[in-house]
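Pasting the structures in now, so scroll down.
In the two assemblies presented below, chain A is common to both, partnered first by chain B and then by chain C.
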Partner chain A sequence: MRISRGLAHAAMLAWGVVTALPLLWAVLSSFKSDHEILTAPWSIPQHPQWTNWSRAWNEADIGRYFLNSAIVVGGALVLTMLLGALVAYALARYEFPGNRLVYHTFVAAMFFPVFLALVPLFFVVKQLHLLDTYAGLILVYAAYAVPFTVFFLHAFFRTLPSSIAEAAFLDGCGHGAVFFRIMLPMARPGLVAVGIFNFLGLWNQYLLPLVLNSDPDRYVLAQGLAALSVSQGYRSDWSGLFAGLTIAMIPVLVAYVAFQRHIRAGMTTGAVR
Partner chain B sequence: MATVTYAKATRVYPGAKTPAVDALDLEIGDGEFLVLVGPSGCGKSTSLRMLAGLEDVNSGNIFINQNDVTHLPPKARDIAMVFQNYALYPHMSVYDNMAFALKLRKTPKSEIEARVKEAAKMLQLEEYLSRKPKALSGGQRQRVAMGRAIVRHPQVFLMDEPLSNLDAKLRVQTRSQIATMQAKLGVTTVYVTHDQVEAMTMGHRVAVLLDGHLQQVDTPRALYDRPANVFVAGFMGSPAMNIKTVGLTDQGAKFVDMLLPLTRDQVAAAQADGGNGRVTIGFRPEDTEIVGGLDKGMPITVDLVEELGSDAFVYGTVALEGQDERFTVRADPRKVPQLGEVVHVRPRPDSHHAFNAATGLRLG
Partner chain C sequence: MRHGRYRFLAWALLPALALHAVFVLSPYAQAFYLSLTDWTGVAGNAHFVGLSNYRRLASDSLFLDAVRNNATMLVVVPLATVALGLFLASMLHVGGRDGRSAVRGAGGYQIVYFFPQLLSLVVIAVLWGFVYNPTNGLLNGALRGIGLDGLARSWLAEPSVALWAVMAVLVWSSVGFYLVLFSAAIDGIPKELYEAALLDGAGPWATFWRLTLPLVRDTVQVAFVYLGIVALDGFAVVQVMTVGPGGPDGATEVIGLSLYRTAFTYGKFGYASAMGVALFFATLTLAVLALRAGRKERLELA
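On to the complex of A and B.
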């Protein structure tokens, strides 16, 4: 018993180190000078170089990419959560012909490799005149993220006690009010969990914007960082790159830390016995 | 204030062959406390949910105050329901839980507050109004569920086994509180339970259901004294009535040497409808005495004695027509027989019930 727990702890510790060290290394490197990065990669920064960050933000346009990412991911996230929750709720709690078919279509879409869709997707977006626009990217991101959201929230809505919805109907709610005032707040842990997952996935999305978003003014962060590392060639600004990388990581970390409590919280405790 | 009428109301679940509730006819008077009781799966909850509008009615009608509500949505019926698991809104405070229905109806804020405060006072919930349901005990949650129904001032209260999640002591206490409160408010109430003690103690009238069919509806006293059929006889009362099917003679029913007399009409009715020389006889443990052997009692061999302090119940077996049959008898708790002892037992005169052996219906 104790040995197996010790092993589990050791394994988790190892996993934690493997995950955290590169992050830590990137953050530390963002404070070093280029010379220091190349000569003493494992050391603590001797003289923290704050200018790396301002250089990345201003000169390397990370600031603009950051804003682009925020707009696109924010819009897509709102759209995904709204549509995903509505679809999942309807599929989970209403019986109607074709219910299973719709649900399985979403599940199948989840397993569809995005690579196969890239070329047709490009032409669809082009026909809609949405190439190189925020709206185009938002729509595609939402379509990309909705299947998993539906899959996840469907399971979640199924676990919520139906008697609470019935109580709300008796109290005078229509279907809309039951959803928005009762079931959606009760599903908050599920919404937060899938929201964070979607945020991580969309924030780090590279392939879709690479194909659909070729205007450098509208680059998202992942594109911007890639451009930064590619375009500089031998005239490398390593410290600026690490600073940009760290800037890109911060929102993800902040989102996770801020919401992790909600993911674990069991909101339904106390509703029913 | 309202009356409720079920007129041949029927519910067939999709895919089911037999109806969950089959042509239920039931009239509930204004201000009445009616209890629906029966074993699990008898259709009592379904009947209640049909009245609430949570379950479709496949045929027949349901009326509240002569208004046909059969196909109205729940919110148009002006009823409030207390659920078995309370179904409180977990993300709202106790106050908001109770105020929710009123807010939806756009009741003025001052009136909402007055009504919630009043209900909270009645239910001793005043200090918990700002808490979330998860910070309450089971009994408190149950009272919040009651309060949510009370503040509505609905036409009808519906209660679906509201006490079954409470511990035994709290259940008895809450039972009397609900009955008192209903009497005070005078709101027509339909109450579902599987517990015949709750049914007997709370209901003005009790409707007994089995397999979707209404067996009998009457006052608790009448159900106890004159059960309409074998099922009701066995279901009401604890411990259950002794019910055995034995041979029929011209004078009555024979239990070994003990003859339980039947009237001529009863004998005739027992022979009809495929009775085939048999009759089903029931007598309650509390109507049965241990007698001296000379009084023509039935000899039973004691195999269990339950002492409850106020009462003692003696369980014993006897061979009837070659089969061991068990009987329960209430005995003087100060004079209980020994295990293995043979005692003679006999129901008090005219306290036995007779039923047709084939149809199970009461004879006379």
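On to the complex of A and C.
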């Protein structure tokens, strides 16, 4: 028993190191000078170079990309949750002709690869004059996040008791008021779980902005970093790129450490549903 | 109570349905038609060419490289990720007195393991591009540091190792998530079963194969489907990290990258759509196979 416990610990520790080391290394390298990065990849920075960070934030535009991501993801998340919750609720709690058809229309979209839609989607967005705009990205992000949201919340709304809603109807509440004042607050745990799932998915989106958003002023963070890794490579400003990489990682990691139980629960239940 | 029912339903469903129809359903439907044309993006100038795009795909050597690479990834990435995830998840539970209570610090380990799942694949690709850097990268630095200079190489520039380097990144980024998923599934197995197995004299190996694995089978199956989808993609990592991108010599080309380049660099939108349809059928086949495998009788915990 003792041996197997030792073995278990060794295995856990080994994978912990494999996971954490590249991340720690990037953070450490963001404080190094270019010379140190080039000559001694494993050393500790001698004199922390804080200017790497300000250079990445200002000159390399990481700050702007960050803001773009926040605007697009924030807008898309609000729209996705609102539309997704409304559809899921309407389909889960109301019987009407075509209910199943609408449900399957949404859910079927989850099984199609986005690559299949890519070419026509580009031209749809172009015809609507929404290429290179925040609004275009927000609408497309939401459109592709709604199906999973409907799928997840549909099951959730079905499990909620109907007695409170019925009492509210008797008291003269309208359908909209019952949804916003009673059902939505009751569905909070489900909304939080799918909200976290959507946030991470949208924040990390790369393919859609790459195709629909080619204006460098409107690059989202993932696009900006990819472009940066090419251009900084030419200028061999490695330290600036490491700083940019760290800036991109930190908010996600901080949010994760703060809410880690919620996030893990939300993402894993999302997957097995 | 019936008052305003249909007005509410219309109000709840129509905006989302409109968005869905314009940005999701119509592009998917158009893609199938476009794949039968020679469209190059000029409005009203698409000629119907039947299946000739598909015939061209069958002899397009770069596309065939992409298919071969995605097929390799489809086998290697899910198997390696599930094996590592299951191994580590059971290690998390090994060692207690009853043979399965979690090791000390299990919670802390799970926090660390889960990190990569939260990072954008672009961040991961840029990071690993550095790790693999031949002159100042972490990997070669480590190999030289422990005297294995002979193993240090140009990871992303040698055709024989580049694809493996890409797959290692995909596995690295996914293991943590599936470990947590499997660990939760193992937590759901009643303790009495493990106590019974221990009383019957089952060793850790037998316990894993005869007890744990059959009882987490559903979760493992879900993992294979999700990882299969990851393996059929690979676009972001390959596009950001590998030389070319897609090289050396097509060694890390993937279908998504071929499609993207064909459409948005060369402007051959009809031909690119045919690649999309091919990818769709690959995904569909995967889903059907997975559902078939799932139809076998399920174990029920009373």
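Quick note on the criterion: the second predicted complex is superposed on the first by the 211 of 273 C-alpha atoms of A that agree within 3 Å, B and C clash if a C-alpha of one lies under 4 Å from a C-alpha of the other, contacts with A are read in each partner's own complex, and residues count from 1 in each chain.
Everything that follows uses one rule, which is that contacts are C-beta pairs under 8 Å (C-beta built on N, C-alpha and C of every residue); 3 or more make two chains touch, one makes a residue touch a chain.
What you are looking at is a predicted structure, and each value in this text was computed from that prediction instead of being measured.
Within the superposed three-chain model, A:143 lies in touch with chain C and out of touch with chain B [touch as defined at top]. Contacts of A:102 after superposition on the shared chain: chain C is touched, whereas chain B is not. More residues of chain A are in touch with C than with the other of chain B and chain C.
Looking at the shared chain after the overlay, A:174 reaches both chain B and chain C.
In the superposition on chain A, A:47 makes contact with neither chain B nor chain C. In the superposition on chain A, contact is made by A:90 with chain C only, not with chain B.
In the superposition on chain A, A:26 makes contact with chain C only, while chain B stays out of contact range.
In the superposition on chain A, the residues of chain A touched by chain B in one structure and by chain C in the other are 169-170, 174, 267-268, 271-272.
Considering their complex, residues 52-54, 73-75, 79-81, 83-91, 100-101, 104-105, 132-136, 138, 141, 148, 152, 165 of chain B touch chain A. Touching chain C in their complex are the following residues of chain A: 1, 4-5, 7-9, 11-12, 15-16, 18-23, 25-26, 29, 37-39, 41-42, 83-84, 86-87, 89-91, 94, 96, 102, 105-106, 109, 111-113, 115-125, 128, 139-140, 142-144, 146-147, 150, 169-170, 174-176, 179, 200, 203-204, 206-207, 210-211, 221-223, 225-226, 229, 238, 241-242, 245, 248-249, 252-253, 256-257, 260, 263-264, 267-268, 271-272.
Touching chain B in their complex are the following residues of chain A: 161, 163-164, 166-174, 177, 182, 185-186, 188, 267-273.
Interface residues of chain C, counted against chain A in their complex, comprise 1, 3-9, 11-13, 15-17, 19-20, 22-28, 30-31, 34, 41, 84, 87-88, 91-92, 94-95, 103, 105-106, 109-123, 125-131, 135-138, 140-142, 145, 172, 175-177, 180-181, 184, 204, 218-219, 222, 226, 229, 232-233, 235-236, 239-240, 255-256, 259-260, 263-264, 269, 272-273, 275-277, 279-280, 283-284, 287.
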